[in-house]
């Protein structure tokens, strides 16, 4: 655990890329965020035919510039982390890779059929935007509340699915193919559409019995929507209560990430990584 | 209450089929779950015309294999339980029977008209999937919260129904048959569709007065959706609170089922069935 | 306050009609409930053309029988109550009158044009069903929770209305008449349909800007649906808390009604009417 | 801080216009509220073609009368406030100006093209209605609960947006242009429509894979609607709790506004403006 007193360029770069506590780190994050949003907007614009025909060249150049920036950023992330493999195979490492590679792949693999498949990969770049949640402290609380009630919500959603299968099957038998209930899977799909109160209306019952069953399904959906709400409400109140007891750092709001293993979510007053023991603030260490 | 010291094959089979505490019991439940899901998927696929025409033979064979497995399982359940009648006339006993019998019935009763009715019975097999909830501990909590607020939810749903009847009648008088409000029942159906915020759009008001009343109904529906949610939320918080006080076994999470009467929901530390007094763990009993 | 020791027939009839504590009273309420439901179903069936043509005579006779029963019941209610005027001009008194009179009116006033207006009055008979809530104890709790949060819900609904007017006006300017936004009122109607997540789809934006604004409205609606729910949830929890403190009779579950003024909602242990001082149980009174 | 002992006409007018504690002030507010509502209704009626053609002259006159009243009111507000600039550039000052000016502008700027743009400005007058919330005490509590959970709701809505972008992109790739998914932005719009359970049905998936993904999106939307509800519910309960502790003036229910700087939300027992120190009740001041 010997801290390097002199800040190396790799250490400085790590500070900039992985943390948002310094002015340079903040600037980097804001620029990155802007570029991710821009790349998402570009992919969107490209999908609109009128826009693609008119600005094809401009969109193409812009995407290459962003891809090159993302490539540099990806390499920099690998260089500055002490254990690159931990980063590469982490959730964000894989997303970073998948959001950089598609444009390069589209150059090697030529052919109209293949290009379409590559495009699908390119669209995965939108996942990059998920990074934003890293920087927003409040999201941790939400994620915690959701995680705590995960099991309950899953059981609940499973119950919804069973009801949909049973009711969907009955609707298929009652309505028949005249009103759009052409098969049980389509009927189950309609049932989910109805139970969740979405109600597209592309498929709708026309027989009195079908409308009666549909009314029952709706009222049921209206009644059971209360269940997950009640669960999350209770769990969130609990989380809020715990936070009041344990203080503000119960949920982690800093952007600190270990230089060695890259693991986040350190306490605000942490000096060493809780995973690998790496010194988090080498130059501030009073013992050295 | 003389426990049989030597484990008989019936005792072993009971352990496997009715409980999920042993490795064999767990395997059995997983395989059963998989087969139930498969049978549901098969019924679904059969309802899609294109698939049924192409793979009719394969689907037929698969259904027979699953039906035979279900038959063996059903017989095994009856043999291993000490009081078979209690099982046969229990909720799951009836579902097990109804999900096994339709294919056999379709052999005896021939005729295009009758076959359709038998098909309806066959589709009841989807109820089998309900068994899954047996194995998920969390579901008990949900069921408890729902049961506790059952009376309130029923009153609430009844209020929704009354509002729908009154508003539906008014809409029928205002809109007339031009915009789809052909009779009061259809009008009430539309009202439920609107009040539950489903909104198919197959029937929609076109007169200014009708649209005004529809807007009132929607805002009302939007406002009263809060009521069941508030109820379940409060009840669930109470259940959660009780659980913290009474400990984890307040809600039953084990899969223990009595060998004698088949009643579930024993406490984790129970030695004897709370219904018939049968010894739950005969070979572990220190008194013997 | 001199109690009549000998039970008169008027006293006995009052017991049967207004209270549900005696076997005869219970029977009367169940029969009445059944007849109200039947009359609602009859009005519904009459509105379906096919049914009306086929069973016109039967429906007509049935309605006359029910109307005569309702007439007798209405007269009996007036006779048995000590202060008939208080009953006649009470909420239920007016509903009872309005649900009895239409059929008699349809005999006096003849003419196709007038008959239609009379029909509208006849349909008010569905209000009779509202009586049911009198007999269900749980409904009082719900009504209390709703009353306590009435002011907040009204302010909230008013906010929804303002948002709808502003957003509706903007949508009218953006979308124009091509996609169904023919006037501001229709546009506001669409906005309420969208904000309450009903979404009929008879009117839907087609311009990119209109779809963008629609998306904003939906997300807003999705976000603010939480407000009334939170309010009712908090209020209901408070009501539930109070009930635990004050005991079960905090919310009134008995069906007692004063013989003199007809006011309900007496405490379970009440001996005298809290409004007029009339003795509630004259023959049980130990002082006499 | 020298209070003017003698009530000047400006002081009296200030009392009437800015406060609702005196009978005259209440009357003024009610009349103003009525006129604002009337002007909103007039703008609405004008947008209906049939009405505009028939009553064009009447609507025109009515709007001029209201505009003149609003102009007088606007000037009176500027005169009676000690620091007019603070009022003019405040939120309500700008809304007051924007809801008065359009009719005058439509006289100077002539031309069919320009008139349409001016109309857009005129419609901003509906913002005037927002004033109503000033006078309703309950609204402050709601606004407070919403403000407290603003950060959480924003993070949540952001999460909804990310899910919509990802799912929308996938739906565009799966469904193609046949079923209305013509571009990624339209696809994202559809996804928001579905996730918020609005479900117009103008765009709906037709491929099995698209319907499966749509079902997933709906169930997800059904599950996550619980999150903001839970948040607001918990926050509101907290606000309710605080209010019980701090007393009724924790949320501000009086209509007092400073004569000097116009800032509202003074405590009920406040003697001096909490912003500029101006005496709030000069003639009641015991020190003078």
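A, B, C and D label the chains in the order they appear, each numbered from 1.
Everything that follows uses one rule, which is that a residue touches a chain if its C-beta (ideal position, glycine included) is under 8 Å from a C-beta of that chain, and two chains touch if they have at least 3 such contacts.
Since this is a predicted model, take the numbers as computed values, not measurements.
When the C-beta contacts at C-D and at A-C are tallied, the pair with the greater total is C-D. Residue numbering shows that chain B and chain C use the same positions for less than half of their mutual interface. Relative to chain D, the most remote chain by averaged C-alpha coordinates is B. If you average the Cα atoms of chain C and of chain D, the two centres end up 33 Å apart.
Chain A and chain C have centres, each the mean of its CA atoms, that are 47 Å apart. Of all residues in chain B, those touching 2 or more other chains are 156, 185, 188, 197-201, 225, 229-231, 233-234, 237, listed in ascending order.
Of all the residues in chain B, the ones that touch chain C in their complex are 151-152, 154-156, 158-159, 162, 165-166, 169-170, 172-173, 182-185, 187-188, 194, 197-201, 204, 208, 211-212, 214-215, 218-219, 221-223, 225-227, 229-231, 233-234, 237-238.
By the touch criterion given at the top, residues 197-201, 229, 233 of chain A touch chain C in their complex. Those residues of chain D lying in contact with chain C across their complex are 40, 43-44, 47-49, 119-120, 123, 126-127, 129-130, 132-133, 136, 138-139, 141-142, 145-146, 153, 156-157, 160-161, 185-186, 188-189, 192-193, 195-202, 225, 228-237, 240.
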